[in-house]
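In what follows, chain A forms one complex with chain B and a second complex with chain C.
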Partner chain A sequence: MSLWVIDKQAMAPFVAKLMDDYRVVGPLAKGSQFAFDEVEDPADLRLDYNTSILPPKKYFQPPEERLMTFRRNGGTTVQPIVEAEPTVILGIHTCDLHAMRVLDEAFTQGYPDAHYTRRRRQAMVVSVECLEPCMEHSFCKSMGTLTADDGYDLHLTDLGAAYAVDVGSDEGKALLERFAEARPAAEADMQQLNKVLGAKWPRFPYKLETEVDELPALMSQSYESPVWEELAEICLACGQCTIVCPTCFCFDVYDEVDLSLQDGERRRRWDSCQLDLFATVAGGENFRESQAARLRHRFMRKGRYLRKKYDALGCVGCGRCARSCPVDISPVNVFNELHQVRA
Partner chain B sequence: MAENGRPKVAFFDFACCEGCQLTVVDSLQTHLELVEAVEIVQFREAMTEKGEDYQIAFIEGSCTREQDEARLREIREQADIVVALGACAHIAGVNAIKNVQPSLQDVREYVYGDKWEQYDSYAARPISAVIEVDAVIPGCPIDRFEFLDVVKKLLLGKKPSVPDYPVCVECKLKENVCILETGGTCLGPITRAGCDAIYPTYGVGCLGCRGLISNPNENAMMDVLEEAGLTVEQLMSKMTMFNAYEPAHIGEAVASPAEE
Partner chain C sequence: MIESVVDVAQEESVYLPQMAQLLKIEQMTELEKVFTLQLPGGRSLGNDPGQFVEVSLFGIGEAPISVSSSPSRSNGTFELCVRRVGDLTNALHGLEPGDVVGVRGPFGHGFPIEKMRGRDMLFAAGGLGLAPLRSLINQVVDERGAFGRVIVLYGTKHPSEILFKEDLKAWEERDDVEFHMTVDRGDEDWTGNVGVITTLFPEIAINPRNTIAATCGPPIMYRFVLMEMQSKGIPETQIYLSLERRMKCGVGKCGHCQIDQFYCCQDGPVFTYAQIKGLEEAL
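Showing the complex of A and B:
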């Protein structure tokens, strides 16, 4: 929409002012890694982070949440609960912006999810352009997620002494005007931005040996591949890959009561198709009994099913699952192996 | 059922440290409503009274002697519901380390010295090897919230279930930096969750006290640990610290070692 510039020394006051009106979250150091968390001191914010342990999807779909409370005392009553608060999410990478399209589709198609949509509406997204590869496991360039044209309210690019700020929405513009000391970009800023953006691309390697648009067909042809059995031999089925995945959204709903057995609440929490019980139904039948079947299902969703259903990428190449995997199963390697077998 | 409608509950212990019962005592202080929900008639660690009329029996500890078997059967006879409380009762826990030593005789002499003959002891077994068990509360020690949850399920007339997914799930949800990623060793990928990943949260690898998930990929786990630098000996001692009793046989009736 329009391009602005914030000097780096103006960032901390910007964040501090946001904190007066919003819950402000962003990447913070966590041990040797980074995690999105509530910003208490703007100096803690690490917009130079490589990647986060969990993706920022947790602010739209929390790992665990209350859906409603119920009482059986004095006539049964039910009270729906939607826990949402105005939040500014700082520092989202473009891979995660692309992933949010999947979540948006999944939670609004058919019966819109009130919990997700309320939180999504109340969130301001301030994303950051990646200028260096974040880690060995990522392959965003191959997946077409190394940059984004939309999906943000404000988008920052590091120009050295300042951030270029691309305004992506009216709400973003209002946020900038109200809380930041920003100036409209001058010709020299535009030139610097073009230089920075032009220089970044060669730093990122292509890792996928086929085209991303080929993935649905590749996966379709790989359904009976022996690769799934081979991977199942080493897969621990620990479920980490789906938990850290920015496009995974499956959940489980359950009730909890207090010890009086009268009052309780309905909750939901993240679930994982990699776990034994995920596809187990009443009577004990398990529709994906083997780990090979479960692994295949995960990769089919990433490479094919979600593309078909939502016209959005099921895998954005963030590399979190590969980093988390104790036995180094990496989607780009799996896609490449399937491609080689087919070729 | 007691006259007030509350089920009568009793606690028992076999070969164990009684730490799980201590956790129960602790939970009675943090969750006073427990006392309203059940009537405790026997609990050696917490009260003097010793009622023999109970519906629910919580049993801590492993079966390690012939005389334990008869006592377990007595409890089973009286109780409508038997719950294995903690790792020793659930999977034989650390008691079963002796099962995988070259000689039980050496173990007895090592522990009891020249008085070894005065102490009966045979291979440790989970209580499910001797009597039917209706529910388990895993862990060394148990988690108080899981204890509360099991009590609630029993009060509701439901069959209590414990998580059948690995510790990694809870660990990742807490956004812990993975112990394996930082060069450490951890049994989280094959160990039953439910502890809120307490060990990795404080920077220590999981030791498997809650037993293994139903379908653990033990071979892959051992490869991962070997790659992390464990010798075969270290690896085996890690795998058998809590899980020396054959995981595949947990929950099965097993002939008494006394008959061998």
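Showing the complex of A and C:
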């Protein structure tokens, strides 16, 4: 759609105006890292952040949420709860935009999940183009997620003194018209945009030693690979990798009862296929008993299963799992090792 | 600015159960009870044989339970045969007629009865595996004229663990159902077959190309029963089996029941052997 420009000094007033009508969240400094959080002062916003600790999925699928409340005195009454709040999410990187496609598919296919879809519908997505590699673990260029041509309402590219703003939806256009001092991009702005984007690509290395389209086939051929046992030797089964992953969405459902033992809530929280009881049924049978099988399951999901199911790859190369892993298990290294073993 | 939605009709949560009343509870063995349930207004559950429901007890949680009654006998009620084995099922066993439980579903792919009509049917149930298969067997019996031969094989560990005795008797008494059963080990009153379920296979001879097999039982049983079925020449595409997994949400979201790219709760729990035979985690 159309291309606009916002001067950098007009950004703070834009964000401030958004805050009057929306909950506004974005990347903020947190110690030496960055985290998505509610913006209280537009000056705190760090659109130049490298990567966030948790992906923005937490605004669509919170770490914990209520599904319903129940009361049991004199018969059972149940009240479903779908909590959503109009939110503008600022500064989403394109790897996370690609990841959101996986979540969108997962939560809308078959039985739509109203808890997710309502939050998703109420969110405005303002993404930002990455111009510099964020950290050693990321491999977005190899995964085809270093840019995105849809999935956003507005998309920002840092031109130096201003941001170029791609409009990705009618809602984005309305947001821009209503809240921002923006002007249509002129010839000189587009020249600057070409320069910035032209200079960006060579800065990012290719790290995957095979083609991304080859990954599903590589994973099918690697089911019996000794690599899973080798990784299981060092893996601590802590589940951090799945917690920080932008495409992981598995959850557990549980009831919490208050002190009356009558009333309570049914809730859900993020769960991890890396934890030993994840696939265990009530009779005690565990369908993925070894850590090697659980690790393999995770990588198969990333490289193959989700692609078959949702036509989107389960890994976007953001590198968060590798960064948070206490024993340095890195997906790009695993994929490359599988490729080398096969070759 | 939190928008709390209470209007369920507008956007129903797939996790919200209906409240069903327990009409009847029958103690079947030491560990198993059969519960007869009714949905509000006597509404039909609308299940296919082999589908399951999520049973809820608020304050405890939910568990997937296969429906053991047949759509052909629904009468506005449905039956669940439940072994007490975990938190939810133990609590369920403590309930009385008149109590209410939450029910979501039916979910998943059951047995495709439309592909079975006109064929010979071979059923093999092991232990609690009879619970989902009973739904299909009684449906077939009720439409008896639409099927060729009907052979039912049933094995349990011990005579004290025999389920659905009335159904077994009815099948045994019919001339048009070939019923064979065995126990792994008998007791002093037991005069029938002794041995695992595979010992029943040599007694039957079938036309494999015209036979649809349906089996349900513990994982260990599948390995041997599938071998027997294949050794009689039944094609892998004509062998149906129902898998047990931790189907927490029932709607293909939570991830617990995943087997390769399949979600057991949505793609299954009934699969053909051809669908899953290459999958190491399936059996």
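Quick note on the criterion: the second predicted complex is superposed on the first by the 342 of 343 C-alpha atoms of A that agree within 3 Å, B and C clash if a C-alpha of one lies under 4 Å from a C-alpha of the other, contacts with A are read in each partner's own complex, and residues count from 1 in each chain.
Throughout what follows, a contact is a pair of C-beta atoms (placed from the backbone, for glycine too) under 8 Å apart; a residue touches a chain by one contact, two chains touch by 3 or more.
A quick note: this is a predicted structure, and the numbers were derived from the prediction, not measured.
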item	value
Superposition on chain A - do chain B and chain C clash or fit	fit
Chain B versus chain C as contact partner of A:Val257, first or second or both or neither	both
Touching partner for A:Val281 - first (chain B), second (chain C), both, neither	second
Which of chain B and chain C A:Ser324 touches, first, second, both or neither	first
Partner chain in contact with A:Leu67 - chain B first, chain C second, else both or neither	second
Chain B versus chain C as contact partner of A:Glu233, first or second or both or neither	first
Which of chain B and chain C A:Ala199 touches, first, second, both or neither	neither
Partner chain in contact with A:Gly31 - chain B first, chain C second, else both or neither	first
Chain C versus chain B, contacts on chain A by residue	C
Chain B versus chain C as contact partner of A:Ala12, first or second or both or neither	neither
Vertex chain A, arms to chain B and chain C (CA centres, degrees, nearest 10)	70
First (chain B), second (chain C), both or neither touched by A:Ile53	first
Least Cα gap, in Å, left between chain B and chain C after the two complexes are fitted on chain A	7
Interface residues of chain A shared between complexes with chain B and chain C	257, 261
Parts of chain B lying in touch with chain A, wherever the complex brings them together	31, 33-34, 36-37, 148, 151-152, 155-156, 164-166, 168-169, 172-173, 175-178, 180-182, 188-190, 213-215, 217, 219-221, 223-224
Touch list for chain C against partner chain A, complex	1-6, 8, 11-17, 19, 58-63, 83, 85-89, 100, 102, 219, 244-246, 248-249, 251-261, 266, 280-281
Residue ranges of chain A in contact with chain B within the complex	30-33, 35, 53-54, 63-64, 233-240, 243-244, 257-261, 270, 272, 275-277, 291, 323-324, 326-327
Chain C-facing residues of chain A, complex	23, 67-68, 70, 72, 75-76, 78-86, 106-107, 109-115, 118, 122, 223, 249-255, 257, 261, 264, 266, 268, 271, 273, 278-283, 285, 287-288, 293, 297, 300-301, 304-305, 308-309
